[in-house]
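One structure follows; several queries about it will come next.
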Amino acid sequence: MDTASFAHSLQTWTGGGPLWIWAALSAFLIIYLIALPFGGFATYVERKVAADFQDRIGPNRVGPYGLLQFLADAVKMIAKEDFVPAGADRFLYNLAPLLVVVGACSAFAVLPLSQYLMGADVNIGIFYILSISTLVAPGILLGSWSSNNKWSLLGGLRGAAQIVSYEIPVALSILPVVLISGTLQIGSIVEQQGWAPGAENAAAYHFWNVFHNPFCFVASILLFIGGLAETNRIPFDLPEAESELVSGFNTEFSGMRFGLYALGEFAEIFVMSGMLTALYLGGWHIPFLNLDSLFVKLPSGLIALVQLGMFSIKTLSLVFVVMWLRWTLPRLRVDQLMGMCWKGLVPLALINLFGTAVWMWLFNGRSLAQLIFGIAGH
Amino acid sequence: MSFLDWATGLHGYLFVGTILATLGIIAVVYRRNSIGVLLGIELLLNAASINFISFSKFRTAAIDGQIFALFIIIIAAAEAAVALAIILRLYRLRETIDAGEANLMRN
Amino acid sequence: METGYITALWFIVISAVTVPLMLGIGWLIRPKVKGSELKSQAYECGEQPVGEAWIKFNIRFYVVAIIFIIFDVEVATVFPAMTLYKSAIAQGAGGIAFIKIFLFIGLLLSGLVYCWVRGDLEWIKGAAQGIKPRK
Amino acid sequence: MSETAKIILVLFQLLTIASALLVTFSPNILYASISLLFAFLGVAIMFLYAGADFLAGVQVIVYIGGVTILVLFAIMLTSWMYQVKLRDSRAKLIVPLLLALFGLLPFLYQGAQHLASRVLRTVPPDFEAFAFSPKTNAVGEALLGNYLLPFEGITVLLLGALVGAVWLARPK
């Protein structure tokens, strides 16, 4: 199976041109066709899902079923009066949304949309997501500080402390995958999760990482919980707890500035779900089917579309679960939040790591599926 | 040799490293705010890792320079944690963060 | 591989340009309203804002940040070692690699245990001394 | 490496230098720490171009995600620090500026003696290959091989730093 970046695919499909133009164009397309529209549309879906859970109708005025609500929202946000509170630090007030949006949208570069549509299959893939999304914490902190509001500052400090704390369990829950795959490159991690019992090099494929061993299953759940906390979603929405902090770190942000924060948050949810999909749920792979070992050779464009669909289905179902949890779970207290991170998730993640390493050692690196189908190790 | 080649070559890297080191030293000596001094130290450490990295690429093409830079980063983080804890403690004891007034050990 | 990183840089550049772009479009099309002094007051539930917003905070935030940075560094360092484990097992040297990696992680764990025992992970003052928060 | 890529690198180098200037001379300590964030980012990009991709990631995670947050917390938790205006004395600038001149002298010399410096330019043969080859495994091999003792030793250092810093910062 060959993996090609989106820029390379564009170059081959259109034929020629310097690569950096295609690189820039692929970045532009992924951000403006996937990241930002998702952020906008997710607000509509969130409201519709909330309405369903509460037996209401939800937005239904703009377009059929209110589908165009997000466009109306965008127009409203952009056209809204710009407003900077008195005593705010204007420079930092403008800089803060920038950091959040850059932190969230740049991570789309390594999401494995399809084997031909990855923005950049860099060899520090997972590490790139972890590192670039650290920009969000300073963004939240600065936004809260600069708006000269007590609610904001309290929310921002909480948010930053929460985001940095939960980075540790998230990183520790990624490590089992690194142990299994022996690489940080996301394309290659996804590739190894294919399904090929009959193929010649069956030892290279170990089905989805979530079923690699029992510890990996727990690790994937921890990664999901950590992702919820990283994106400030309920039950971890203490930074913007409506009932106690008005709106938390973005209290004084209105119009498009607030919109940018919201976009950044939803983009981050997508990144977290996409990361979980890529690392544990087999990424672009269709369960029990390997597109490359079919009896007919499919054209690469078709493969790209099918894989994009598969990746979206998995990722969007995780996003749906995130929205579902919002109306299911109550908010945690600050002390519970910190206790859960340092006394619950971190030790558990370390146990998972240890367990995965022992499993690898005992079974010579084979996954559960490979053991069942009797595929030899390396 | 064009400017771009110079700037992206060894000399460009060393030039940026030198500037960072100089500014770091200036911050350490010139700043009275202890946190400013800490920021200067971070700049100095960054300059050192730039040198390690650039020589590792442009002279040896070996990994050792990167390992040294990795250790520099680790030590810088540990140092920042301890230094900021000390600054906080200093404030609690002396109600100041002026580096010049932390002189209990002088007499 | 070079293209990969250049694309990643383009992602950073383009997402950084997006923000001023959107705020700029908004600036062009929105009505220009002159704000009043009352309107630009900091929001404190409709009351007059009291004092500065920069109030004194719980020092616990800071302790958490210190614990975080130490763990962050350790986790970041252990990543490259982890990538070797698979090939070490394939070469039959899994045991040695296991000991090398988990000696590192074990020391990390002992730091966590120290903080736990000394009560630095408790958010509420006095919780380490057995004073429980109200249920 | 293409010309466009080189221009991007030069832009980030300029960003690094400009931010470092702000770090040193900005009277506002909060702005100084924010510009330190951008200086770190610029240095990370320089690492990336020098073939240290993993190091670039570590630089961003540890410095931007860790050190900057810690400094911001320190400034914000102790709001007085922000309001304290400490006057820096200009006289103290003389010695470092002399040092700076001393450090930058080789570059002035290099500009004049452009041809002489070309002798130093013994580029290793696998220069480009090194720049864009995966480094994570190589770093891991070095850490578990030649540098095993420092690798394990660094945990002891970090443990000491953790215990010491938490002890110092613990509320009494």
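Residue numbering begins at 1 within each chain, and the chains themselves are lettered A, B, C and D in the order written.
Rule of thumb we're sticking to: a contact is a pair of C-beta atoms (placed from the backbone, for glycine too) under 8 Å apart; a residue touches a chain by one contact, two chains touch by 3 or more.
Predicted, not measured: the structure shown is a model, and the values here were computed from it.
Q: Identify the chains adjacent to both subunit B and subunit C in the sense defined at the top.
A: Touching subunit B and subunit C alike, sorted by label: D.
Q: Return the chain label for which the distance between chain Cα mean and whole-protein Cα mean is smallest.
A: C
Q: Which chain pair shares more contacting C-beta pairs: A-D, or C-D?
A: Greater number of contacting C-beta pairs: C-D.
Q: Would you kindly say which chain has the C-alpha centre located farthest from the C-alpha centre of subunit A?
A: Relative to subunit A, the chain with the farthest C-alpha centre is B.
Q: Can you give the whole-Å distance between the Cα centres of subunit A and subunit B?
A: 34
Q: If you average the CA atoms of subunit A and of subunit D, how many Å lie between those two points?
A: 29
Q: Subunit C to subunit D: how many Å between their CA centres?
A: Roughly 20 Å separates the two chain centres.
Q: Measuring centre to centre with CA averages, how many angstrom lie between subunit B and subunit D?
A: One centre to the other, that is 7 Å.
Q: Please list all residues of subunit D that touch 2 or more other chains.
A: Each of 1, 4-5, 53-54, 57-58, 61-62, 65-67, 69-70, 73-74, 76-78, 134-137, 139, 141, 143, 154, 158, 161-162, 165-166, 169 in subunit D touches at least two other chains.
Q: Two or more other chains touching the same residue: where does that happen in subunit B?
A: 70, 73-74, 77-78, 80-81, 84-85, 88 - these are the residues of subunit B that touch more than one other chain.
Q: Touching at least two other chains at once: which residues of subunit A meet that condition?
A: Counting only residues that touch two or more other chains, subunit A contributes 19-20, 122-123, 127-128, 132, 145, 153, 157, 164, 167, 183-184.
Q: Graph of touching chains, which shape: line, ring, star, complete, other?
A: Contact pattern: none of line, ring, star or complete.
Q: When you check every pair of chains, which ones turn out to touch?
A: Inter-chain contacts occur between A-C, A-D, B-C, B-D, C-D.
Q: Applying the document's contact rule, which stretches of subunit A touch subunit D when the two form their complex?
A: Per the touch definition, subunit A meets subunit D at residues 18-20, 91-92, 95, 122-124, 127-128, 130-132, 134-135, 137-138, 141-142, 145, 153, 157, 160, 164, 167, 183-185.
Q: Under the stated contact criterion, what part of subunit A meets subunit C in this complex?
A: Contact set of subunit A toward subunit C: 5-8, 19-20, 23-24, 26-28, 30-31, 35-36, 77-87, 94, 97-98, 101-102, 104-106, 108-110, 119-123, 127-128, 132, 145, 147-154, 157, 161, 164-165, 167-168, 171-172, 175, 178-184, 246, 251-252, 255-257, 259-260, 334-335, 338-339, 342-343, 346-347, 350, 353-354, 357-358, 360-361, 364-365, 377-378.
Q: Which residues of subunit C touch subunit D in their complex?
A: It is residues 1-2, 5-6, 9, 13, 52, 54-57, 59-63, 65-70, 72-74, 76-77, 79-84, 97, 100-101, 103-104, 107-108, 110-111, 114-115, 118, 120, 125 of subunit C that touch subunit D.
Q: Going by the contact rule at the top, pick out the subunit D residues touching subunit C in the complex.
A: Against subunit C, subunit D makes touches at 1, 4-5, 8, 45, 48, 53-54, 57-58, 61-62, 65-67, 69-70, 73-74, 76-79, 82-83, 132-134, 136-137, 139-141, 143-144, 148, 151-152, 154-156, 158-159, 161-163, 165-166, 169-171.
Q: Could you list, by residue number, the parts of subunit B that touch subunit D in their complex?
A: Spelled out, the residues of subunit B in touch with subunit D are 1, 4-5, 7-8, 11-16, 18-27, 29-33, 35-36, 38-40, 42-43, 46, 49-50, 53-54, 56-61, 63-64, 66-67, 69-71, 73-82, 84-89, 91, 96-98.
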